[in-house]
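Got some structures for you, see below.
The following pair of complexes shares a single chain, chain A, combined with chain B in the former and chain C in the latter.
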Partner chain A sequence: MRAALQEIFVTELGLKPEDFADDLTYNAIPEWDSASHMAIIMAIEEKFGLSLESDDIVAMTSVRKILNLLETKGIAVG
Partner chain B sequence: MISRNLEIGEFLRLSFEQFRDLPAIWLGGQTVSYAGLYADAATLASTILETTKPGEPIGVLAQRSYPAYVGVLAALLSGRPYVPINMKFPFERQVDIASIARCRLLVWDEQSKRRCDELLQILEPGVRESTASLPDRPNNSPDFHDGRFTGAGSNVAYIMFTSGTTGAPKGVAVRRENLSAYLTAIAEIAPIEPGTRCTQNFDLSFDLSVHDIFQTWASGGCLYVMGNEDALDPVGFAKRHALQAWFSVPSVVAMARRLRRLQPDALPDMRLSLFCGEPLPASIADDWAQTAPSSRILNLYGPTEATIAITAEEYDRSAASDARPATIPLGKPFRNSAAVVVDSEGRPAPLGELWLGGAQISNGYINNDKENQAKFVNRRVPGYTFDRWYRTGDLVQQDDRHGLVFQGRMDDQAKIQGYRVELLEIEEVLRRASGTTEAAAVLWPVSETGAAEGVVGFVCAAAGAERDIIANCRAHLPSYAVPRKIMAIEALPLNANGKVDRNALRKTYLAGK
Partner chain C sequence: MVPISVRLRNSLRKATMALSLAYYRRYWGMDIGEGCKISHKAILDKSNPGGIHIGRYTGVALNAVILSHDFVRNRHVDTWIGERCHIGACAIIGPGVKIGDGCLVAAGSVVLKDVPDNCIVMGNPARVIEQGLKTGKWGVRVDVLSPDRIDQNVLVSDEGKA
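Now for the complex of A and B:
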């Protein structure tokens, strides 16, 4: 799951794979702004077959928070 | 009430004194009073007076932090123009902005200190730096009558950089008188009471932030500064703090709608909602009217060159939705301003380019005679007393029923998420980034209301992989203007005029994806 999330960040934000890290946070880099956040959310929904609640979407403000949330949705962190 | 026609520095001093005990700013849970904020700005203004000459610009390399707001106020008190330098911009663009404006002092915050040091290494020698910090124990009795803060020395209030067509940003110098004229006009159209809790959504490098800051402080309101994470849920932020005055681009509301944040009566305290920066779709205004049932809703329009906004149209809650046009009209010009639709000869016409004149028309672009000559004209227009006009490049219809109605652009300027961009600038960067002579930038995706959310690049015979081209663009352009995807194609389609046909590119390669 981690690798899939990394792929989403690389594709949607144009990040280098090595720049993907748990402590990466929303708005800490120019690439992750409110518009690209929505693109990330849509890619996550598509990839993992989820429909995320708006409270979840606005709380997913770091890679760690996204991983934790996906885990609570029953998606195994690998 | 203090007259807003006073010199802006004098007006601000009197205003801060009048509201001295009220909260001026809320930041991350901490509130600072007008007196406390003034005291910190006066301290920084003293440093500015001691280390720079009259009229020398102050770069504000800070965002959504206390030093940013202290810096802006201190610059105006000391009679120096302020120049916002967005930390989200690439380093090269920051260097361009600070050098073109010739900033002589940079105001930094914790997040930007390192970047400030890097800039100081590159900028011409002798540029100073300074900061401010949130006071543990604010000084509640500053000297509001310090004779040094007369504002003398510069007629420019701020220099705001916008996208330029050639690849370098261009700086618009807005005079102190322009700002006074705006504050006078907006107080008539959309007044707020002392104590009003107001949003501060806009980045300082977007001139709509000037409204946030100075309309709030001119009125005794409290500026609620959204933190970075709050930007994902501005409606939630407004709800938590029971905010009463809202200002954003319509795209912010469109996103809130996608996040299902526009619930009926979600913002019962809201009294005034202003939208600007891009066309306001009637469907967005309708939804907002439900979300904020007690709020007036106004659509503002105006380019940076004409100081924040220069026309307004009030949304009519009682009108049947089928009686409204699909987008809210631009409305009527402010007092002391004029907006006239002209034909290609500069004569008033029902459909044509919108020209703006009056007290809010700025000095124009700094060190850019060519653009000034192209965009600012001295001309008598029948029926108007003003003889200097800003040519907006907006195609507008003068409609008996709806007033001024935006019909599109006459050039390659566009809005992405409300930010103004020149597609020609993106294409110039794309050509350099991909080592090709043929490149095109196409707005995509476009929301259901017609607002552009991003841009896609097309290149022919590019040298380099998509990821490298995007990374290269990122080094030169603000994030909202960086192409999200690069599509390599054989040849760019041309229209009948021999220009790149962006519509054909959109239809052929993007529609349906």
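Now for the complex of A and C:
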């Protein structure tokens, strides 16, 4: 799952794969702003077949939190 | 030195903006707060103009639609938009929706549910994607910019008093 999320970040934000880290946070880098946040959410929903609620979306403020959230949604951490 | 054509254009725009706000308030009876900037191309519901309430220092961009009547249910409702909001281009605010203070509605969003204060909403149907932001006049963000890049004109000096 981590690899899949990394792929989403690389394609949606144009990050280098090595820049993807667990402590990456929303608004901390210019690439990850509100518009690209929405793109990430759409990509996650499509990739993992989820439908995220507003509360989940607001809570997704770092890579670590996204991974934890996906884990609670029953997606295995690989 | 700003060219004279640009200065003329700016002053014309300022004058027509004031006229258009006066027209909305006096002729249509809409409740529009002080210091709002409403694009000439924004569409405010004329079926129930008294149902439109827009707080002060809110910006409404071009082709945004703010509705205050529900045709299929044949009713007039009140639509509220808070202060220091920004309604993006081509956004649609559904009838009866209440948008809190300091909200940003992204371009093209379709807002059908109430929005709490200080949020960004985006998409169709619009979803909250960030909370706790801080905006100045017309929804300019003052929390993510470095202090030297913030235009002092957007700061509201008596925030929260109105």
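Everything below uses one rule, namely that the second predicted complex is superposed on the first by the 78 of 78 C-alpha atoms of A that agree within 3 Å, B and C clash if a C-alpha of one lies under 4 Å from a C-alpha of the other, contacts with A are read in each partner's own complex, and residues count from 1 in each chain.
By definition in this document, a contact is a pair of C-beta atoms (placed from the backbone, for glycine too) under 8 Å apart; a residue touches a chain by one contact, two chains touch by 3 or more.
What you see is a predicted model, and the numbers here were worked out from it, not measured in a lab.
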Check your understanding: Which holds for A:S34: it touches chain B only (first), chain C only (second), both, or neither?
Key -> both
Check your understanding: Is A:G14 touching the first partner chain B, the second partner chain C, both, or neither of them?
Key -> first
Point to revise | First, second, both or neither for A:T72, with chain B first and chain C second | key: neither
Revision key, fill the gap. Between chain B and chain C, more residues of chain A are touched by B
Review point. For A:S51, is the partner it touches chain B (first), chain C (second), both, or none of the two (neither)?
Key: neither
Practice item. Using the superposition on A, tell me which residues of chain A are in contact with chain B and, in the other complex, with chain C. Key: 26-27, 34-35, 37-38, 54, 57-58
Review point. Any idea which chain B residues touch chain A in the complex?
Key: 88-90, 228-229, 231-233, 236, 255, 258-261, 417, 453-454, 467, 470-471, 474, 478-480, 482, 484
Practice item. Would you pull the chain A residues touching chain B in the complex into a rising list? Key: 14, 26-28, 30-31, 33-39, 54, 57-58, 61
Check your understanding: Which chain A residues qualify as touching chain C in the complex?
Key -> 26-27, 34-35, 37-38, 41, 54, 57-58
**Study point:** Residues on chain C engaged by chain A in the complex (per definition of touch)
**Key:** 104, 106, 120, 122-123, 127-131, 144
